[in-house]
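Following this line, the structures themselves.
You will see two complexes here that share chain A, one where it goes with chain B and one where it goes with chain C.
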Partner chain A sequence: MEGVADPRTLIPERTKSRRAQVVIEQAIKAFFGGNALVAVIVLALITIFLFREGFGFFGQNLANLRLYRQAGLEYVDIIRGNAAQHESLSRKLSEIRLREVRVMEKRNVPLEEINAALAPFDQFASAFSDTAENLHGLVSDLTDQASALKEQLFARAELLAQRNQLERSGAQTEAEKIVVPEVDRAAALARLREGSARFESVSAEITAKLYNLLAQAPAMPDPAGQKHFEQWKTRARKYLAGLPAASEKLRTWSPDTPIPWYRSISSFLFGRDWVTASFWQDWYGIIPLLVGSVLVSIVALVIAVPLGVASAIYVSEIASRHEKRLIKPYIEFISAIPSVVLGFFGIAVVGQAVRAASQSHFFKWVSFFPISERLNIFTAGCLLALMAVPTIFTLSEDALRNVPRGFKEASYALGANRLQTIARVLVPASLSGIVSAILLGLGRVIGETMVVLLCAGNRIAIPDFTQGLGAIFQPVHTMTGIIAQEMGEVVRGSTHYRALFMVGLVLFTITLAINYLAQKFVARYRMSIG
Partner chain B sequence: MTATASNSRRVHLVQGILFWIFRLATYFVLACATYIFLDIGIKGSRTVFTSTPPFINVPFLTEPPQTLYVFDYEGKKMALSDRQFRQWKVEHPGTEVEASSIAYSAGGIWPCIVGTALLVIGSMILALGIGISSAIYLSEYSRNGPLIRLVRIAILNLAGVPSIVFGLFGFGLFVIFFGWNVSLIAGWFTLGLMVLPAIITASEESLRAVPQGLREGSLALGASKWQTIRKNVLPYAMPGILTSSILGIARVAGETAPIMFTAAYAMKDELPWQVTRMTDFFFQGVMALPYHIYVVSSKIPQNEYTERVQYGSAFVFLFLVMLIALTSIILRERSRSRLSW
Partner chain C sequence: MVSVAEMSEITSPTVVNQTAPMPNPANPKVERGMIEIEQLDFAYGTNKVLHDINLSIPARAVTAFIGPSGCGKTTLLRCLNRMNDLIDSARITQGSIRIEGVDINASSVDVVDLRRRVGMVFQKSNPFPKSIYDNVAYGLRIAGTTKRTLIDEAVEKSLRSAALWDEVKDRLHVSGYGLSGGQQQRLCIARALAVEPEIVLMDEPCSALDPIATAKVEELIRQLKEQYTIVIVTHNMQQAGRCSDHTAFFYLGRLIEFDDTTKIFSNPGQRQTEEYITGRFG
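Coming up: the complex of A and B.
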C-alpha cells in the first residue's frame, strides 16, 4: 500500500499541469493564428495607407482648379489654345514640305531644283506663321499678368492658412502679426479681360490676312502633295471659322463661375494631361499614364500569349521526356531574371536593335519606319513579354496537365489524332485555366516597374493613333513608371505627392480586379473538369 | 480509299507543321533568354574577370563606387577614378586639364553587395518567421470558416499586388507614419511583407505533404498538438519549406521598386557597420545592387567608359540571383524525384 500514492494528492497536480499545458497550447495556437492574420492586416493596411496619403488629393486638386479659374489662367488658355492651333498648322506645313522633298529626292531631283520648286510654298508657309505674331504677343502678355495674379492669390491663401492655424492653436497675438495682403483681384482681372478686345482685333486681322493668303496659295508640284495641302487648307479654314467662337467664349467667361466638386475627380480620371512642377498650371490627369500602361501590356501580351501557350502545349503534349526535363526548369529559371537587369538589357541592346531594324532596307515598306526613339512601347513590350511568358507557361502547363487522362484516352479511342485531341479536347477542357494564366500574366506585366521605367521612353503623352500601328513605336510613360520616377522628388503632402498615391491606388484596384477575374476563371475550370 | 489516304497524309502534314511551330515557339523563348545571359555574361565578365591571377577583378568587388574622370593628357586619353585623379594632380602639379566627370563609373560595387545581402537576410528572416507560422496555422489548426477564407483570399490577392504598390505602402507606413525614414528596417519590412504570400503558399504545401499518419501516430501516443507539430511535422516539412523559400530570396534580391524609396541610397560613403550607435544600424539607408543598376543604366550615358560598371554590376547581380534560383530549382527537382512517402 505504501507504493501507491494517494490519488487525492495526484489529481489536483495533474489537472494543474494539464491546465497549464492547455493554456500554453492555446497560446501557441493564438500566436500562429495571429501570424496568419498578417496577410489580411497587410492588405488592409495597404488600402488604408494608399487612401490616407492619396485621398487629400481631391481637395487639393479642387483648390488647384479653382485657383486656375479665379486667377484667370483659364481665360488665357482659351487664347493660348488658338495660338497652339496656329502653331500646329505651321508644323503641319513643314511636314508637308518634308514629304515633298523626300518624294523628289527619290526621283533624284537635285537639291537646288527642289528648293526652287518649293520656293512659293516656303514663302506661303513663312507668311502663314508670321500672321500669328500678334497672337503670340498677346498670349505672352496675358500669361505674365495671370501668373502674377495667381502668385499673389496663392501667397495670400498660404498666409491665411497659417493665421488660421495659429488662431486655432490659441496664439492670438502671433496670428494678428501675420499681415495678409489684400489682392485686388477685380482690378487685375479687369485688366486681364481687356485681352478680349485685343483678341478680337488680332483675330480679325488674322482672318483677313489668312483668307487673303489662302486665296493665293501656291500649287504643289506633286499631286499627292497637293492632296495633303488641300487637306491642310480645310483644316486652316476650320481654324479660322473657330476664331469667333473663341472670342465669344472669352466674352462670356467669368472667373466666379463655381467649379463643382466632382470636377476634381473627373479631371483626374479623365484628364488628358499630366503636367507637374510647371510655372503655369499643374494638371493631374491619369489618362496618358493609363494608356501607356495598357498599350505596353497589350504589346507584351500579344507577344507572350502565343509563345507561352504554344510552349505549354509543346511541353505538356508533344515534347519528349528529356526535353521536358530541360525546358520546364529553364523557363522557370527565366522568371527569376531580375526586372532591372532586363530593363538594363533593353537600354543597352534591345532598343538599339529595334531602331536598327527599323532603319534596315528589309522593312522599307513599313510606312512609319524608320522610328526616331529607340526606347518606346514596343521595346518595353518585348522585354515584358519575356517576363510574362514564364507565368503564362507555368500556369497553362499546369492546367493542361490537370486535364483527366480519361479525356485524352476517350479522344484517341474515337480515332482522333494528336492534333485533334489537343485542339478539340485538351485546350477546350483547360481553357479557363489558360485564360486565368493569361490574366495573371497581364497582372504581372501591368504592375511591372523597372522595365517600363527604363525602356518605355518616359514621355508623358498619349501616342498619336493617327499613325495606326506606328503608335506602338512611340515613347510613353506608365503608371508604375511615374510613381517610381517622381516619388523620390516630390514634397511630402503636396498635391503632386497625393496624386502619385492616387495613381498607386488606381493601379492597386486594377491588379485586384485582374486577380479577382483570374480566380473566377480558375473556379470555373475546377467545375468544368469536376 | 485513295481519297482518305491523301486526306490522312494531309492531316499528318498539318500536324507535323503545327508541332514544329510549337517547338520553334518554345525554343525561341529559350533562345531569347540564353541570348540575354550570354550578352551580359560575356560583356560583364570583361569587368569581373581578369586575364592575370587571381583572375577575378578584386577591386571591382571590394571597392566603393567612385566618380570617373576622363581627360586628354599629352595626347593620351586618361580615365582615372576619383582617388587616382587626386593623386595624379599631386604628381603633376601645375598641369591644368579639362576633365569630364562621369559619376559611379569607377571603383567597384562592394557597398551595393553588402546592402543587398543585409536587405535579403533581414527580410527573409522576417518573412520566414511570419510565413511559416501562418502556414502552420493554416495547415494544422484552422478549420474552414469565413475567417480562414478571408485569410486565403488576402494571401491570393497580396500575391498579385505590384511591387511598386508595396513600395508606396512601405513609404507611407514605415518611412513616414512610423518615422523610420529611408532605412534598412523599412526595407526589411517592405520586402518581407512582399514575399510573404509566396512563403506562406510554399510552406503550406510542404506541411500538407507530410502524411497524416505521422501526426495521428504522435497524437495517439499522447503528445500534445504542439509537440506533434514540433517533433513530427516540422522536421519533415522543413527541407521543403526552405527549398521553396530560396526562390523567395531570388525575388527579394531582384526587386528594385519596393526599395527605391524605402531603403536604397544612390550613393553612401560609409559601409553599413560604420555607425556610431548600434541603433543607427537599423535606421540607415543602404546602397543596393538592383538600385545601383537602375542608377547606372538611367542616370549616366552609355559609352565605353560607363559600360564597364554597367555590365559589371548587371553581371554580378544576375549571377548571384541566378545562382540562388538555380539552387532552388535543382534542390526541388531532386526532392521531387526522391519522394519518400
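Coming up: the complex of A and C.
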C-alpha cells in the first residue's frame, strides 16, 4: 500500500475552481479584517491624540499657577478677596432694604413714607459702603502693578522659549539677536509689598469707622427686618475680626514659595472657577462645568426614566397589537429629530413656556418662582429627556420582551392580575436590563452638546444651592457646551486649548464608565434570566 | 361562537358565585374538583385545533392526557384554567367547560379566582428569579396575605407536600435557580400548591428531568391525588401507566378514547389507541 495514493481521498485535488475559491475566501477575509483594522487604528489614534493634547495641560497650567504667585497676583487677590467680602456685606444691606420695602408695600404704605422710614438705614448703608473707598483704591493700584509685572515676566518667558528653540535648532546667530530684557522682579515685588503697610492702615481705618457706625446703627421699622439687620451686624463684626488675619497673610506671603506639581491637577479637578481670556488670571477649574452637566443630566433622567420605562411597560405588556404598531415607531422617531432642531424648539417654546408658567398665579406658592432666566438647567433637562426617552424606551422594551414567557405564565397561573405580574415578576426580572437602558440614556444625555449649548443658558457658575430646588432654574454651562463654544476660538497649543482637551477627556472617561456599567448590568441580566 | 341560547342551556342559571360551589340542581352529582368538558371546539384564529371534546374528569384522581405532538392535549389543558386567554385570537368556538358545575368561561367568572383554584405546573420548570421562599409565597402575597406567620406556615406545608422541604429548609432564602432541575420542578409544584387549589394541571412536568427526579415527581403525583384533582399531559407512556388512574388519548384534535388507565393499556377499545401505545405511530 505504501507509496500508492488512495484514489478515494476525502480531500480533492486542488483544481482550478478550488484555487479560485480560496482566493475569493482570502479576499473576503482581507476585506472584513481590513475594515475592522482601520476602525481600531482610527479609534486608537483619536484616543492617543486626545491624551497627547490633553496631558500637556498640566505642565502649562502649573507654569500658569507659578506665574500667578511669582508676579504677585496671588498677593493682590488676598486684598481683593477682602474687598469682595466688604462688597458682599454692602449687597446684603440692599437686600435687607428690598425686603423691608416689600413688606411695607404689602401693608399699603405709600412710597414716600417708606423712603422716609428707611432714610436712616439708607444713610447707614451708604456710610458703610464708603468705608471701603480706600480699600478699593488700594486694590486697583496693586492690580496695575501686578499685571504689569506679570506681562513683563510673561513676555520674557516667551522670548526665552523662542531663543532656546532657535539654539536647539542650531541657529546660534539668530538666537543671539533676540534680546531678552531683564526684569527686576525683586524691586517690583518689593514695591508691590508695600501694599501690606497700606492695607494695615486701611483696615485700621475701616475698623474704627465701622465700630463707630455699628454703635449708632439705626433701628429698623419692622421686627423681621430688625432680625435680618442684627444678623448682618454679626456678619460685619466677623468681617472686622478677620481683618488682622488678612494682614498676617499678606505679611507672611512669599512669591517664592514653591507650588507643588499636584496643584495643577487639583486646581483643574476641584477648581470652582473657569475663567479664560481674562486680563488678570485664567482659571481652569472643571467643577462649574461638571456640576452643570450633572445637574442637566439628573433633571433629564428624572423626566425621561418614568416616561421611557412606563411606555416600555405599556407597549410590551398592555398595548394591543395595533397600538404597539403605532406607538413603537413613533417614540423611536423622536430620536430622528436633529438635536439642533430640538434646541431651537427649546429656546422658542419650552424656555418661554417654563418662564410663563413660573410667572403665573397658579405657581405663586413656589418660593423660587418667578424665574428670571428663560434658558436654564430645567429647560435643557426637559429637551434632553426627550432625546433620552427613545433610548430608554427601546432598550427597556427589549429587556421586558426578553423575560421568559414562563415567568409571565407562572404568575398568571397563580392568579396574579396584570399589574401584579408586571410589578412583581416582569420588572424585577428585567431590572438589570432596564438599569442598563437608563445608563445608556444617561450616556446619551451627558454627551449631548447642541441642546445644552442652546438651552442651558451658558453661564459659567456653580448654581446657588441655597435656593434648594430653585437651583435647577438657574443657567449653567456644561462640559460639552464649553468645548463646542470655545474650541473654535482658542490658540492651538495654548493652555486654554489644552484645558478644553482635558475637559473632553473627563467627559470621555465619564461616558466610558457609564457604558461599562451598562454592559455589566446587561451581562448580569443575561445571567439572571438565562 | 356559542349562541346565547346554547350558553344558557349549558350554564346553570343557579350558579353565579363560583367561589362557594353549591350543589347544582341541574346536575346533582357535582363533586369538589370535578371537571366536565362538553362538545368543546377550540381554534387559534381560523385554525381549529380541538374538535367536539366530551370528557368528564373525575375528582381526586390522576387523569393523563396522551397523544402525539400537536394533537391538542396541551391546548385542552390550558383551557382548564383559561391560560389561553393570554394568546391573542385563541378562543373556544363552541361548547363549555364546567368545573364543579360552573362554566368557567362565563362572564361572571373571575379568571383570577379560577386560576387560584386551578393551579398549573409547566413543562419547563420556571421558578421566578427570587428566593425559594419568595417563589412559594408568591401566590399568597398576590392574593393579599401579608401575615408573616401565615405565609411561613403555608410555605413549609407546600414544600413538604412537594417533598422538597427536607432538601431546602436550610436555604429558603437562596435563589430558586441554585436548585437542580428536578428540585426546581418540585419547587414549581410547591408554588402551585401554596394557594391551595382544588385542581392541579401538569403540562409534561417530567419532560426535562432525569429518571430519578422523574420518579420523585411521580411519587409526589400519586400522593397528591389524595387531596387534588390532577390532570397531567405526558408523552411518556410508562409514566401515564405508572401514575394515572384514567387516561385520555387524543389524536388530531379529537378525543379518541377515555377510560381507566389499566383498561387503556391492557385492552384499548380503539385501534388508533392500541397503535399509539404500542409504538406503531406517533
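Quick note on the criterion: the second predicted complex is superposed on the first by the 501 of 530 C-alpha atoms of A that agree within 3 Å, B and C clash if a C-alpha of one lies under 4 Å from a C-alpha of the other, contacts with A are read in each partner's own complex, and residues count from 1 in each chain.
Here is the rule we use: a contact is a pair of C-beta atoms (placed from the backbone, for glycine too) under 8 Å apart; a residue touches a chain by one contact, two chains touch by 3 or more.
Owing to the predicted nature of the structure, the values given are computational and were not obtained by experimental measurement.
With the two structures aligned on chain A, chain B fits next to chain C without clashing. The larger set of touched chain A residues comes from B, when the choice is between chain B and chain C.
With both structures placed on the common chain, the touch criterion links A:W261 to neither chain B nor chain C. By the touch criterion stated above, A:R321 is placed in contact with chain C alone, chain B being left untouched.
After overlaying the two complexes on the shared chain, residue contacts for A:V40 are found with chain B alone; chain C is out of touch. In the superposition on chain A, A:G504 makes contact with chain B only, not with chain C.
Of the two partner chains placed by superposition, A:F55 touches none, neither chain B nor chain C.
Looking at the shared chain after the overlay, A:P404 reaches chain C, while chain B stays out of its contact range. In the superposition on chain A, contact is made by A:N417 with both chain B and chain C. In the superposed model, A:P428 makes contact with chain C only, not with chain B. By the touch criterion stated above, A:F362 is placed in contact with neither chain B nor chain C. The minimum CA-CA separation between chain B and chain C in the overlaid arrangement is 9 Å, rounded to the whole angstrom.
Within chain A, the residues touching chain B in one complex and chain C in the other are 417.
For chain B in complex with chain A, the residues that touch the partner chain are 11-12, 14-15, 18-19, 21-23, 25-26, 28-30, 32-33, 36, 39-40, 129-130, 133-134, 136-138, 140-142, 150-151, 154-169, 171-173, 176-177, 193, 196-197, 200, 224-226, 247, 250-251, 253-257, 260-261, 290-291, 293-294, 297-298, 302, 310-311, 314, 317-318, 321-322, 324-326, 329, 333. Residues of chain A touching chain B in their complex: 21, 24-25, 28-29, 31-33, 35-40, 42-43, 45-46, 49-50, 52-53, 306-308, 310-311, 313-315, 318-319, 327, 329-334, 336-345, 347-349, 386, 389, 393, 417-419, 440, 443, 446-450, 453-454, 480, 483-484, 487-488, 492, 500-501, 504, 507-508, 511-512, 514-516, 518-519.
On the side of chain A, the complex with chain C involves touching residues 321, 404, 406-417, 420, 424-425, 428-429, 528-529. By the touch rule above, chain C contacts chain A in their complex via residues 81, 83, 86, 88, 112-113, 115-116, 119-120, 122, 124, 126-130, 138-139, 141-143, 188, 191-192, 195.
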